[in-house]
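Several structures are given next for inspection.
Consider the two complexes below, in which chain A is the common component and chain B and chain C are the respective partners.
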Partner chain A sequence: MHNATASVIETPAYVLSRLQKMLLYAAFATALFALLLLLMSVVQGYYDGAILLASVILFVANYLCLSTVTIHWRNAVVKGLASTLAALLIYYQLDSNLAENLRLADSVNNTGGGAGFNGTAIAGFWLVVLSAWLTAWLCVEHLSSIETLSRIKNGVLSLVIPLLFGVWLLLLWEFITRGAGVPQVLLPSPSAIAERFSNSIPTLVADFKQTFLKAVLIGYAIGCSAGFIVAVLIDRSPFLQRGLLPIGNLVSALPIVGIAPIMVMWFGFDWPSKAAVVVVMTFFPMLVNTVAGLSAASSMQHDLMKTYASNYWQTLFKMRLPEALPFIFNALKINSTLALIGAIVAEFFGTPIVGMGFRISTEVGRMNVDMVWAEIAVAAVAGSLFYALLSGIERMLTFWHPSMRN
Partner chain B sequence: MTTEESSQTGKVIEIDDLSLTFETSDGPVYALSDINLSIEQGDFVSLIGPSGCGKTTLLRVIADLEAATKGTISVNGVTPEQARMQRAYGYVFQAAALYPWRTIAKNVALPLEIMGIGSAERKRRVQQNLELVNLGGFEKKYPWQLSGGMQQRASIARALAVEPDLLLMDEPFGALDEIVRDHLNEQLLSLWAKTNKTVVFVTHSIPEAVYLSSRIVVMSPRPGKIHDVIESHLPKQRSLDIRETPEFLALANRVRDGLRAGHSYDEPEL
Partner chain C sequence: MNPKSATNNIIPVIVVLSIILLLWYVAAVFMNMAWEKDQYERADNQQYTLVDLVSGTMKQERPVLPAPHQVAQEVYKTTVEKKITSKRSLIYHSGITLSSALLGFGLGTLLGILLAIAIVYNRALNKSFMPWVIASQTIPILAIAPMVIVVLNAIGIQGLLPKAFISMYLSFFPVVVGMVKGLNAPEVSHRDLMKTYNASAAQTFWKLRLPSSLPYLFTSMKIAVAIAMVGAIVAELPTGAVAGLGARLLAGSYYGQTIQIWSALVMASILAALLVMFIGLVGKLVNRRMGLSSHA
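So, the complex of A and B:
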């Protein structure tokens, strides 16, 4: 038996990477420094419990992990919990101080920093935020370096990591906008946006129906299918290939949103004119991509079909369209983004008093920037889900393509 | 049926004074010049020659993938185009050319789907031909999950599934390593001995040509023409050991001499 050598080989040393070490030291150092600053403010007679507690938690958590040099999922859990707890406490501090202790924000806002919170508290606040953020970053770092063969664990990880990352981006946004007192018109805090969002759900739903369900989806469906059909026709006719395709390439390079006012003239104020813009925007990418996809089959594959005495339609359905699928899905994905942009921007040029683009353009005029952000959030979520749906279907249908194989 | 008529007369392919010239921007390229050849039912004919001698082009003319510019050619007593429309031959290309979105079984079934053959018969032929090339059990695999040799075997099964009397093979084992190639050569030979199919086989390997063929057509380049036709009287059932026998070596030497004579200059004249 070769147990000795085997055991040497079987114990892989998941030593902390350089970045992880640097993050760990930085998180620890900032927590320590924040703790000292806050203790000083206690000595000076000011007591800020929540932030002090947050810095203690971060300090202890980072100290516990400081001695271990190997990565373990427990490390990630400790750091994740510590940073979340710290974030909650900082948030609580922001919220409870908002009415009475606006000093956090006001000191920066009114006097340009220094006064109000004795300066030390503000520095302490930022240090705790920084330390909590570094700790959270380290948690994500640990999580992403976990290598597991289990599919379920991998699935959970691939969901948890971006979620944690996203949540922390939002938290930082919240802390910075509120802690530094950034004016609402420049950048509202996520909590303000969320509040506005929950208060205006009927409006948002109506806008979503008008813009996404009507203009985007209908325009997208018509534009993509028309582009596809014309591509197949072009492919059969050398005249169209030489005449229409160069024009198609030219038009697809134009900023097509510019035609929105014209479409309003032609199709009226309501959603059909927006759908028309989307049709024009999505038509040419689909056309150009499908034409490219239809010529993707190699000459050997064409010869093969010829030796079977295959007719045009058999060759089209059994060889050329499957071969063109990756190109077609490329166009579908590009178009999902283009359609949303087209429909929203088209509404800037005349619309009934509903729609995401309409809401954005009017609310920004009324300085209700939080409503603009709420609409942007709806558009982002809808656009991402649409794109994810298309990617999912693509993965199912073009599993055979080298870029999709595992 | 023309197929039956020609099998009675025994002539599968008749080529008379055939020439093919490609017009290119650099002027005409004489790919084939004055080819005369007749191939009978049950022949295994190898076309051998250096690259550019037109051996693949000749095979493509038989398959109606290229059209001759002069002369006549008949396949099964009709024009190559008619023969192609009747699905008179199976063609194996240099690469397997399997469709990655179809399983191996579905790839083999492809020509049968195009021919409109019913699903039960399709299933039977797919099964039978996959077993013939030793790919039983790989029906549900995708081509990219198989090795190059297995892919090429699948493409041979696909050509055989059409159940043609004539098999046209264009350097089918050219991209494979020596051991796989020997193995597939043996399998092809036993298949030919069993079924009495006519095979036209393009290669640039002398041992391969001599081992497989009942007749070896030596071609020379610029312009592509037939230099020599060598009859082989090796027994129809041969093992790989036959390559050590004096008869085999004599044939190989004759082919080598023919190739050298057709290639009498050291540098190509431009």
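So, the complex of A and C:
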């Protein structure tokens, strides 16, 4: 927050904060030590070309920025380029080391890279990873302190900054799991997950169809429309409303997924039982939100409709339902996540031999953790796309709402 | 919702609850009817009356839908009449689930608050990490529960901790989102006022930002505790039916013990409701102590 009060000129120069200075020194120092260690290992006759080059790049990039006390976008670009290059080189090094390992050793317990490094080289490797990460962090720090009035630049920045963070999270995950040789069963590296993903697309598609296209979407549609219809019906009776609303609020907080075993008994192993769980889970948030939304219109607006001599249905369709749309979309968005959770968890209680929840629980049992991660990636992408779709429709339909108009 | 009408709501709530109970009984009769008829036919007993049939549907050992009083009896039997240490006591199982849910909820809340503070005070973190926190709410995180449990089991971490980890992971996100909103809630003029007092960053935090974030904290803690409970129950599934409410659900579904499933479900619901209400109450008291009208 300390930078926020500065004036908004295009790419102004900010003084580095204490944290940023410390980051800069740390990045420089780690690059320097890495370089020294790697040079020592060269003297010893062990030679890691890519990692050596990475340390040189990081050293030079951070050295160039060392004398600056202000932030400029050029610094961000230098740091971004340096950390990206370093990451590519580290990745290349891991790959070549892994290949060497596979050639040298045929032991089964060879689960990752890193075994090919020896002595000082290992320390050098980790220092380079650390330095590259610190440099990338600095790049993000610099990028996020840029304040600009340009809409396009702001848009690009708000996309690039989180993306950089996400990419570096994946990179660190990759480097640590492979560099330290973390066993596959514990935590597979992203590249291993990606490989498994691309190798088992038919299975993943079948699971997706079973769980998402059948159980989730059908259950979601039924649950949401039922909640909506009941809300509109009880809207005419204030007594029922006062009775149902506290109960609905309470039920929304209950662990409804627990009904999954009951639904499996009632509707069998296939998708209808999962859809039933989804129906119950999505019903109450929709009910509560729609009821709240229907009472959102102010008495002034009601009076206006009355002066137009509009009847109940006209008031409902022309004023109260549009007014309730933000609430309804809120419920739709909450429900999109709940529906996926409900369907997946319900599959833990018994399924035919297809489905995302089934795959997760059986592959966990067989210790194929990479397959589980692939399945989770599918769930994550499906969940986010579903949510994004709903947000898009919401933006189209409720463009008039204050929250959409900034 | 509306504090004024809280007392007026009691009668409608009771009426609606009795309607639900009535519907439950009707549903129980109809859903259990087929099995009952089948029983009579097998016994070659054609003289059964409607009363026999209806009362029979309420007494089955493994009904399709147990009647409310059957569930209530089972809950009473397994809570009051069984010793707490007994493996059949529902209190024993609730205690196991509750302890991991509460441990996870506590850790998750603490972590969420700390992270929210970091996000509020660091621009880079706010811009890079916050979008992921928000995006992660659209992901069915609960799906990783079995993997976390089994993997942690494989490396020798067992018992309370893996389950608490799931609950922590789930309850952490709402707290971060709520606390970031709450810590940023003070208006610019308030912050300016603190500046004119020459308040340090720490003073502004303790005297302005933290107090004004409390209503938001309690609102998100209500969501967090409910979801922590769900996490603890689901986390008990993959280890097989050992102990806890989730294990009772799973064991019930293996052996077709519907009454056991329903009683575990009712118990879990009561616990979750009590936790949510307790946090709501604490929130209300804190707000009143601070002279705020209840936001939560």
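Details
Criterion: the second predicted complex is superposed on the first by the 330 of 406 C-alpha atoms of A that agree within 3 Å, B and C clash if a C-alpha of one lies under 4 Å from a C-alpha of the other, contacts with A are read in each partner's own complex, and residues count from 1 in each chain.
The criterion applied here is as follows: a contact is a pair of C-beta atoms (placed from the backbone, for glycine too) under 8 Å apart; a residue touches a chain by one contact, two chains touch by 3 or more.
Just so you know, these numbers come straight off a predicted model, no measurement behind them.
In the overlay built on the shared chain, the residue A:Leu52 is in contact with neither chain B nor chain C.
By the touch criterion defined above, A:Ile341 lies against chain C but remains apart from chain B after alignment on the C-alpha atoms of chain A. Of the two partner chains, chain C is the only one that A:Val369 touches; chain B does not reach it.
Once chain A of one complex is fitted onto chain A of the other, the partner contacts of A:Ala87 are absent, as it touches neither chain B nor chain C.
Within the superposed three-chain model, A:Gly350 lies in touch with chain C and out of touch with chain B [touch as defined at top]. Once the two complexes are overlaid on the shared chain, A:Gly383 sits against chain C while remaining clear of chain B. Residue by residue along chain A, chain B and chain C are tallied for touches, and C comes out ahead. Of the two partner chains placed by the overlay, only chain C lies in contact with A:Pro255; chain B stays clear of it. In the superposed model, A:Leu245 makes contact with chain C only, not with chain B. Contacts of A:Val280 after superposition: neither chain B nor chain C is touched.
Every residue of chain B that touches chain A in the complex is listed here, in rising order: 63-65, 84-87, 89-91, 93-95, 97, 99-101, 110-111, 113-115, 142, 144, 162. In the complex of the two chains, the chain A residues touching chain B come out as 298, 300-301, 303-310, 314, 318-319, 322, 398, 400-402, 405. Residues 1, 5, 8-9, 12-17, 20, 64, 120-124, 126-129, 131-132, 135, 137-140, 142-144, 146-147, 150-151, 154-155, 222-223, 226, 229-230, 233-234, 237-238, 245-246, 249-250, 252-253, 256, 258, 261-262, 264-265, 268-269, 272-273, 276 of chain C are the ones touching chain A in the complex. Residue ranges of chain A in contact with chain C, taken from their complex: 1, 3-4, 19, 137, 140-141, 143-145, 157-158, 161-162, 164-166, 185-187, 239-247, 249-250, 253-255, 257-262, 264-266, 292, 333, 336-337, 340-341, 344-345, 348-350, 356-357, 360-361, 364-365, 367, 369, 372-373, 375-376, 379-380, 383-384, 386-388.
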